[in-house]
Amino acid sequence: MNLILISALWGIVMMFSGLFIANKSTAKTIAVVGALVLLAGNLFDLSGKMIIDSNFNGMLQYDKFGLLFLTVIVLALLFYFLLSGKAIQEVGNHSYEYFALMFFIMSGIGLVALFNNLLILFIGIEIVSIPLYILTGADKKNLKGNEAALKYFLMGAFSTGIMLMGIAFLYGATGSFQVDKLNLTANDNFTIFLVIGVVMIMISLAFKVSAAPFHFWTPDVYDGAPTVFTSFMASIVKAAVFIGFLNLFMNGFGTITGKWQLSIAIITALTLFIGNITAVYQQSVKRMLAYSSIAQAGFMMFAIFAVNDMSKQGLLLYAAAYCLATIGIFAVLVKMKDFTIEGFNGLAKKEPLIALVVTVCFLSLAGIPLTAGFFAKYFVLAAAIKTGTYLWLVIFAVLMAAVSVYYYFRVIQAMYFKEGNSEMAETSSGFKGLLVAVAVLIILLGVAPNLLLNWLILY
Amino acid sequence: MTYFQLRASYLTIMNSIIDLVYLVPLFPLIGFLINGLGRKNLSKSLSGIIGSGVILASFIVSLLIFNETRAEGFTATTVNLFEFINVAGLNIPFAFQVDQLSALFLLIITGVGFLIHVYSTSYMHEEAPHHYARYFAYLNLFVFSMLLLVLGANYLIMFIGWEGVGLCSYLLIGYWFKNTEYGNAARKAFVMNRIGDLGFLLGLFFIIQQFGSLTYIDVFARAQGAGTSILTVITLLLFVGAMGKSAQIPLYTWLPDAMAGPTPVSALIHAATMVTAGIYMIARSNILYTLAPVSQTLVAVIGLATAILAATIALKQNDIKKVLAYSTVSQLGYMFLGLGVGAYTGAVFHVMTHAFFKALLFLGAGSVIHAMHHEQDIRKMGGLAKKLPVTHWTFLAGCIAIAGIPPFSGFFSKDEILVHAFAAEPFGIIYYVIGLAGALMTAFYMFRLYAMTFKGTFRGTHEQEHHLHESPWQMTVPLIILAFLAVVAGFVGIPELFAADAHKLEHYLAPVFAASTDIAETHPVSHETEYILLAVSITLIVVSILYALNRFSKKPETGEAEGFGKILANKWYVDELYNNIITKPLNGLGAFSNRFIEKSGIDGLVNGVGKTVQWGGRQLRLLQSGQVGNYVLWMVLGVLIFFVLAITILNK
Amino acid sequence: MTALLLILIPLIGGFTAFFIKEEKLVKMWSLAVAFASLAVMSYGLLFAYNLDNKVFVAEWLPQFGSSFALLMDGVSSLLCLLTVVAYPIIFASTWKSKYTAPNSFYGLMLLTQAGILGVFLAADGLLFYFFWELALIPVYFLCSKWGGEKRIAVTFKFFIYTFVGSLLMLVGLIYLYYQTADASFSMQSLYEVKLTVTQQAWLFWLFFIAFAVKMPVFPFHTWQPDTYEQSPTAVTMVLSALMVKMGLFAVVRWLIPLFPAGALMFDNVVIGLSVVGMVYASVLAMQQDDLKRLVAYSSIAHIGLMSAALFVNNESGMQGAMIQFFSHGVNVLGMWIVVELIERQFGTRKMSELGGIAQKAPALAILLVVVALANVALPLTNAFVGEFLMFNGLFKFNIWYAAVGGLSIILSAVYTLRMIQKVFFGNENAVTVNTTEINWYEKTSLVVIVAAIFIMGIYPKPVFALVQETVTMILGIFK
Amino acid sequence: MPINYYIFLAIALFSIGVAGVLTRRNAIIIFMCVELMLNAVNLLLVAFSKMHYENVVMFNPTSPVGTEAQLFVFFIMVVAAAEVSVGLAIIVMMYRNIHSVDVNFLNRLKH
Amino acid sequence: MSITEILFWFLTAMAVGGALMMVTSKNPVYSVLWLIVVFFAISGHYILLNAQFLAVVNIIVYAGAIMVLFLFVIMLMNMNADNEPQKNIWLKIAGMIAGGCLLLVFIAAIRQTEALQIQKVNTGGQTGLIHLLGKTLFTDYVLPFEISSVLFLSAMVGAVVLGRKGD
C-alpha cells in the first residue's frame, strides 16, 4: 500500500514542483528522490509496516511475491531515472509532468501487482495505460509520435472493452469480482460464461503484454514513441502487466487450467514465432527491440502457461533480467545518433566500456549463461517443463531463442567486428558507472540467481 | 670345470641368445635413430658404416639364433617384451616368437640386407651427406620393420611390421622427393598396400572374434576346432593383405612403379624381403589355409595367374628394372602357387633362393645403371660384358638361377613348387602346364634382358661408352657373394628324387608346418613321372634360353613394339583400366560430393534454414501494415479463433 | 582441490590478461598460466590422484538442487591432461603470430580453457551446461574478431548451430531434473533416474543433437570446415583438439549413462551416420586444396570413428575411443601447428601454391610426416592403438560397419600423402623458394607432440589404466 | 424476461461496436464505437447483477448481492470519462498536425 | 405481453437501431446523435433492471457530458459527411463479417446452455437504490473510489500536456 500511496502522492509533488520550479533539470533529481522514497516505502511494505495497514475488504492482497516483484520494478525505475532522466527532460516542455505521469503509472503498477479484485485490476491497468497514451504522444510535433499515440489509444480502448466484456461474463458466472472468491470449477451451470470470460480477459491481457496475435500495436508504438518512453514501456510496464496476468491466472483461474492452457500455449508459440522471426529482418535497432520485446513476452508467457511456483520465480527473475537489460540498452540507444544497426558499427573501438555493457545486455536478452537472462529463461522453461505436457512448445521456444541470437548478435557484431564510425552523444562518467553497475547486476544474477530468489523463500 | 658344467653354461648362454632376440631389431632401430637424428653432423662414410654395421650386428645375432634353432627338438620360443594392449579380454603383448621360420627369415633379411647396405655405401655416394644419412636411416628403419614383421609372436606385431615396411617402402620409393613422378609412385605403393592392409585388418578382427586372441600359438591351437567357412573368410581376408604386400593380382601394379626408388632399395625391399612378407604370413598361418581348401585354391589360382600375367608383360619391357620388377611379380606368383598347393616348404625355399638371385640381379642391374650414368633402357645398352666383367658373370649366374637350370638354386625351388602343383588335386596338370609356360617365359625374357644388355654391340652414346667402368669393390663384393649363394643355395633342398633325406630345409622347417602336414592329404608323384617332368621342363627351358640368346644378341629389339607386343609393352593396359574404373570415378564422386552434396545439399539445408528464417522475417513484417483497421481485424479474428477453440475444448 | 584449481587458474589468469596491454607481457603471462595449469594437473595426476583431489563440491544453487560439483574420473583426467598439455603448446607454437589487441585475445583464450576444463570436470547437470556455453562464448569472439575474411558469417553460423544444440540439451536436462527423486542436478541423482523407454528415446535425441553438432557427426558437420578455415589457427587448435572432445566426452559422461536404453535403441542410427560421415568426409578431404579444410575434413572422419565406437557397446570400442580422445587431440594439434607455420611463412594455405618445402626445412617436413602418419594411424603411433581397438569394437558390433568404415583407412592415406607430396615434396616454386627452417620453440612444440605420439603408440598401458573405471562403469550401465 | 435476452442484446450492441471499429476510418467514430462496446458491457453487468440478486433475494431479501456489479458499471463510466478526455486530446493533437482524423492517413510506422 | 415486455422490446429495438444508425451514418454529427439515442435506450433498460441510479448517471455522464464533448470536438473540426473518410468496400465487408461472426459465435455458444433459458430477471428490487450503492461505495469500494482520483489526475495532466498549444 505504501508504494501505491507514495507514488500517487509523489506524482502530485512532481506536478506541483513543475509549477514552482522553473529549472527543468531539477525534475530528474526530484524523481530520483521519489524513486528512493518509493523503494523505502516498498521495503517497509515488505517488512509489513504500512501507512494504511488495510486490505480494503479484500481488494488488495499483500503477498510477498507481488511485493518483491514491486521491489524489482522500483529498482528498475530507479535505474531508469538515473540513466535516462536527462533524456526524459529533453523530450518536451513538460518534464515534470512526464515524471508525474510515471509516478502515477507506478501506483497503477502497485495496484496491478497487488490486486485481489477485478475492479482493482481494471482500474490499475487503466491507470497504467492512460498515462502511457500521453507519454507516447509526448513529442507533439512528431508525426510518428502522434500516430503511435493514436494507434495505441484506439487499440488500447478496444482491448479495454474486451477485457470488460470478459469481466462481465466472469461476474455472470460467479457473481463476484473477488479473485480469491471466484472458486472456479469446471462443472458450473454457467461454464460457458466462465469460458467466455476467461478467454476475453486472457485476450485483453495478452494485448497489454503484446502477445501475438494481439501484438500489432507494439512495434509501431515502441517505434513511434520517444525512445526514453519506449524504454519505460518495454521494460517496467510490460513486466508489471505480466505480474497482474500471472496473479489473475494463478490465483483466479488456477483451478481450471484445462480451459485455457492450450490457448495460452498457442499464444505463446505465435508470440515467439512472430516476435523472433520478424525481428530478424529489422534494420532499426529500436524497432528490432520492439519485436524482441514481443519475443521476450513469449518467454514470459511460459510463466503464465505453467502457473506453478517455478513460474513465480521465473517471472520475478525474468522481470529483473529483462528490465535491466532493456533499460541499459535503451539508455545507450537514446544517445546514439543513428538507430540503425549500421549506426553501431565500430562502437567498441570508440566506447569500449559502453559497448561491453551493451554486449552484456544483449547476451542477457539472448539468454546466454552467466547472464541473468539465462536463468530467467531457464526458470520459465523449467516451469513449463514441470507441467509435464506441451514439451513441443518448449522445444519450439528454444529454437526461437536461437533465432533471437541471430538478431541480438547482429548488434554485437556491428560493435565489435565491423569497421565504422558510430556517433554517440557525450556521456558522463557517472552514466558509464551506472551502466557498468547494470552489467554487473546482470552478471551477478546470472551467476547467483538465488540472491534474488532467496528473498522469495525467506520472506 | 667339468664337461657338464661347461655344457650347462653353454646352454645358459644359448638360452639367453634366444632371449636376446630383441637385439636383432634393436640394432637397426639404433642405426635409424643415429642416422636420422644426426644426419646433418655425420660424414658420409660414418653414416655408411653405422648403417651397415648395425645390420651386420643383427646378422651375427641372427646367426647365433639360427644356430640355436637348428638344435634337435628346438621348439618355438616366445619372448615377451612388454604389455602392449590388454583390453577387453584381448591380451596382445609386445612379444617375439623365435622358431625355424622366423630364424630363417632373420638370416635372409639381415644377411641380404647387410650386403645391400654395403653395396649402397658406394651406389649412393653421389648424394649429399644429409640425404645419404637419410637414405641409410630409411633403410635401417626398413630392416627394423621387416624384422618386427617376422619376429612378432602375434598378428598385431606382424601388422605393425607389415605397415612399417609399407611406410619405408613409401619413403624409399619417394626418396628423391623433388621428382613428382617418384612421389606418385610412392603414394601408389602405399595406398595399394593400404587396400591390402584393410583386408588384413578385417582378417585380424575375425580372428579376434573367433579365437579371442591374436597370438599365433593360441590361434593355431584353436584353429582345428573352428568351422571351415569362418576359416575361409579369415584366410581370404588375410590373403587380401598378402595381395597388397606381395603384389598379386589385382594389387600388383604398384611394384613396377616402385622401381622409382634407388636400385638397392628395389633389390632389398621390392625383391628380396618386403614383397615376400605375404608368403611369410601365409606360411606362418599355414594351418589356417590347410583347413580352408577354398582359400588355398584361390591362392594358387591368383598366384598362377599373376605369375603368367607378369611374365607376359616382362617379355616386352625395355627398362632393365621393369623387367626385373615384373619378373619379381611373376616369381611371387610362383610362391603363392606353392602355398596354394600346400608346398609351404617349397614356397619358403623359393623365397630364399629368390632373395639371393633376385637381389643379385637387381644389384647387377644397379651396377649397370651406375656404369651407364642412370640409363635404364636396355635398347641403349649392349656389349657390356667386356667392360663390366664381374657384373656380367654374376648377372649371368643370376639369370641361370632364375631360369631354373640345374644345379643353380632356382631350379630346385621352382621345381619343387611345380612338382607339388602337378600333384595337386584336381587341377594339378593345368597348374603345371601354365606354370611351366611361365617358367619358359621367365627364361626367355631373362635371357632377352641378358643378351640385350651384355651381348652384341654398344648402342649408347659415345660419352656413356667412354665412361663405362666396373663398379668399386663395395658393389662387386656383394655381387660375388650373392652370386655364390644363387649358385649353391639350392643344395639345402635337394629333392627326394636325387638323394633320400637330402632336403635339409624341409627337415629344418618341419616343426613349423607339422600341423599342416598331418592334415593334408598327399598325392605323391611317382619317381618316373617326376623324371619326365624334369626332363621336359629343362629341355624346354634350355631351348627357350638358346633362342633368346641367339635372337637378341644379334638383332636387338630397338623399336617400339607393335600388335600384340604393344599390348604387352603397355602392361595389358591395366593401369589405364584402374584409372578409369577406380581413380576417376572416385575423384568424380569427391568433386560431386564437394560441390553438390556438401555445398548445396547439407550446407544448403543448413543455410536454407537461416535463409527461410530471413525470408519469413521479410514476409511476416508485412503483416505489420501500419493500418489500425487491419490490426483490429487481426485482433477480432484472434478473439474469434480463441473463442471457438475454448468452446470446442469445453464441449469435448 | 586439483579439479577446482584447474578451473580457477585459467579463469583468473584470463581475466587478468585483459588488463595487460603489453603484447610480450601478455604472451608470457598466458604461457605462464598455461604452464601453471599443466603443473597442477601433473601434480594431481602423479602425486595426488586420490578421492580428495578428484572430487570437489561447493554450494551453488541449493534450492534448485544444483551444486558446484566437480569430478575428475578417468576419462576426464585424460581430457584435462590433454587440455593443459595443449595450451602451452598452442601458445608456444603461435608465439610469433601477431594479434591486434593481444590482451583480449589471450584473455579469451584462457577463458576458453577454463570453460573446456569445466566441461570435463562438471559433475552437475546445470554446471555442465554452464561450462558448455562458457567455452563457446569466448570462442565466438575469438573467431569473429581475429578470423579470416568471411569470419563473421561463418562464426555466427557455428555459434547458432551449437547454440541450438545446447538449448535442446537444456530442455532435456530440465526435464530430467524433474524426474529425479531428490530434485537435484547432481550427476548421481541424474544417473539414478528411472525413465521409460519412450522418454529415453526423446531425451536421447535432445542431448545427442547438442553433442553431435559439437563433435561434429555427419550431417551436422558443415559449420566445421568453414569455421576451422576462418578462425585464427590458435583458435582452430582449441576447436579441433579440445572442443570437439567436449561432444565426445559428453556422450561418455552424460548421454550413455543417462539414457542407456536410448543409446541401444539408436545405436544403429548413430553408428550408421558416423560411418557414412567417415567415408564421406574422407572423400571430401581428397578434394580440398586449402590445408585447413583438408585437416578439418580429416578430423570429421576421425571423429566419426570415435563417435561410432562410443556406441558399439563393447569394451574394445570404448577403450579405443577414449585413448583416441587423447591421440586425436595431440595429432590434430600437430597438424595445425604445421599449418600455422606454413601459413605464417608463406601467407597461403593452398596446396596448389606450395611445394618443395622439405628441401629447405627438413625438420618441419620430418615432423609433419610423423604427425601425418599418426593421422593415418600407422602402427606404433598413438592413433593406431585407438583405431585398432575402435575398429575391432565396430567389427564386433557389425562387420559391415567396420568394412565400410575401413575404407576411410585407405582414403586417409590417399589424402594425407597427397597433402605431404604437394606441400613438402616436389620442386620449389616462387612462393617457397625462400623457405626458412622453423625455430627452436616451434620445433620443441612439435617434438613434444611427436614424442607423445610415439610414447602412447608404443606403451599405451597407462592410458588404458586411467580410463578403465569409466569404461567399466558405462558397460555396467548397459547391462 | 429471460436473462438470455439481455445477454443477446448486450452482445449485439458489443458486436455492432466492434463492426463499427472495423468499418470506419474516422478516429472519433471509432472511439464512439468503443464507447458503445463499453455501454454494452455496462448493460450486461447490470443484467447479471439483477440475475444474481434474483437468485439470492428469495432467501435473503436484504442481500447486497448485485451492488458490486452496479458499482463496477459506475467505475467503468468513470474510467470511460477519463479515457475520453485523453482520447479526444490525442485526436485533437493529431488534427492540429495533419488536419485530418483519418486513421489510415497516418501510416509511417509499419513493417 | 406485459407492459415490461413491450417496453423491453421497444427499448431493444431503439438501442440496436440506434447503434446501427450510429455505425452507418456518414455524417459524424448524426453518429453522435444516434449514439445518444442508444444511451437513452440503455438507460431505459437500466430502469427496467431496477438500476435507477445508473440510469440517471448514464444519462448525465454519458449522454450529457461525454457526448457533448464528442460533439464539441466534431464541431471544432468542422466535420461533415463530405469529408468523412471512407474505407475500402472490401475492408468494410470484412469488418462486417468479422463483427457478425463474433455475434454468431457468442449467440451460438450461449444458446446451448439450458440453464440460461429458465433464468428470469424481474423488475423490482433494492439493489439499484442510491443509498445502498452509496454505502457500499464509501465502505467496501473506498479504495477504487479514491484511486480513481489518480486516474483523473493523470487524465488531467494528459489533457494539459497534449492539449496546450504552442509547445
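A few remarks follow.
In this document, chain identifiers A, B, C, D and E correspond to the written order of the chains, with residue numbering beginning at 1 in each.
Here is the rule we go by: contacts are C-beta pairs under 8 Å (C-beta built on N, C-alpha and C of every residue); 3 or more make two chains touch, one makes a residue touch a chain.
The structure displayed is predicted, hence computed values, not measured ones.
Taking the definition of touch as given, a chain qualifies here only if it contacts chain B and chain D alike; those chains are A, E. Taking each chain's centre as the mean of its C-alpha atoms, the one that lies farthest from the centre of chain D is B. Of all chains, the one whose CA centroid is most distant from that of chain E is B.
Of all chains present, the one whose mean CA position sits nearest the global mean of protein CA atoms is C.
Chain pair with the most C-beta contact pairs: D-E.
With centres defined as mean CA coordinates, chain C is found 37 Å away from chain B. The geometric centre of chain A is 32 Å away from that of chain E, both derived from CA atoms.
Centroid to centroid, with C-alpha atoms defining each point, chain B and chain E lie 102 Å apart. Centre-to-centre, using mean CA coordinates, chain D is 5 Å away from chain E.
Within chain B, the positions touching two or more other chains are listed as 610, 621, 624, 626, 628-629, 632-633, 636-637, 639, 643, 647. In chain A, 119, 123, 126, 130, 133-134, 137, 140, 150-151, 154, 158, 191-192, 195-196, 219-220, 406 are the positions where the chain touches two or more neighbouring chains simultaneously. Of all residues in chain D, those that touch two or more other chains are 7, 14, 17-18, 21-22, 25, 30-31, 49, 51, 65, 68, 71, 75, 79, 82-83, 86, 89-91, 93, 103-104, 107-110. Chains touching one another, given as pairs, are A-B, A-C, A-D, A-E, B-C, B-D, B-E, D-E.
Chain contact summary for the complex, chain B toward chain C: residues 82-90, 94, 130, 156, 159-160, 162-164, 167, 170, 174, 177-180, 183-184, 186-187, 190-191, 194-195, 197-198, 201-202, 205-206, 208-209, 586-587, 589-591, 593-594, 597-598, 602-603, 606-607, 610. Chain contact summary for the complex, chain A toward chain C: residues 363, 368-370, 374, 378, 381-382, 385-386, 388, 391, 394-395, 398-399, 401-402, 405-406, 409, 413, 416-418, 448-450, 453-454, 457.
On the chain A side of its complex with chain E, the touching residues are 4, 8, 11-12, 15, 56-57, 59-60, 92-94, 97-98, 100-101, 104-105, 107-108, 111, 119-120, 123, 126-127, 130-131, 133-134, 137-138, 140, 189-193, 195-196. Taken together, the chain A residues at the contact with chain D in this complex read 119, 122-123, 126, 130, 133-134, 137, 140-141, 143-144, 146-151, 153-154, 157-158, 160-161, 164-165, 167-169, 171-172, 175-177, 219-220, 223-224.
Listed in rising order, the residues of chain C touching chain A in the complex are 60-64, 129-130, 133-134, 137, 141, 144-145, 151-152, 156, 159-160, 163-164, 167-168, 170-171, 174-175, 177-178, 202, 206.
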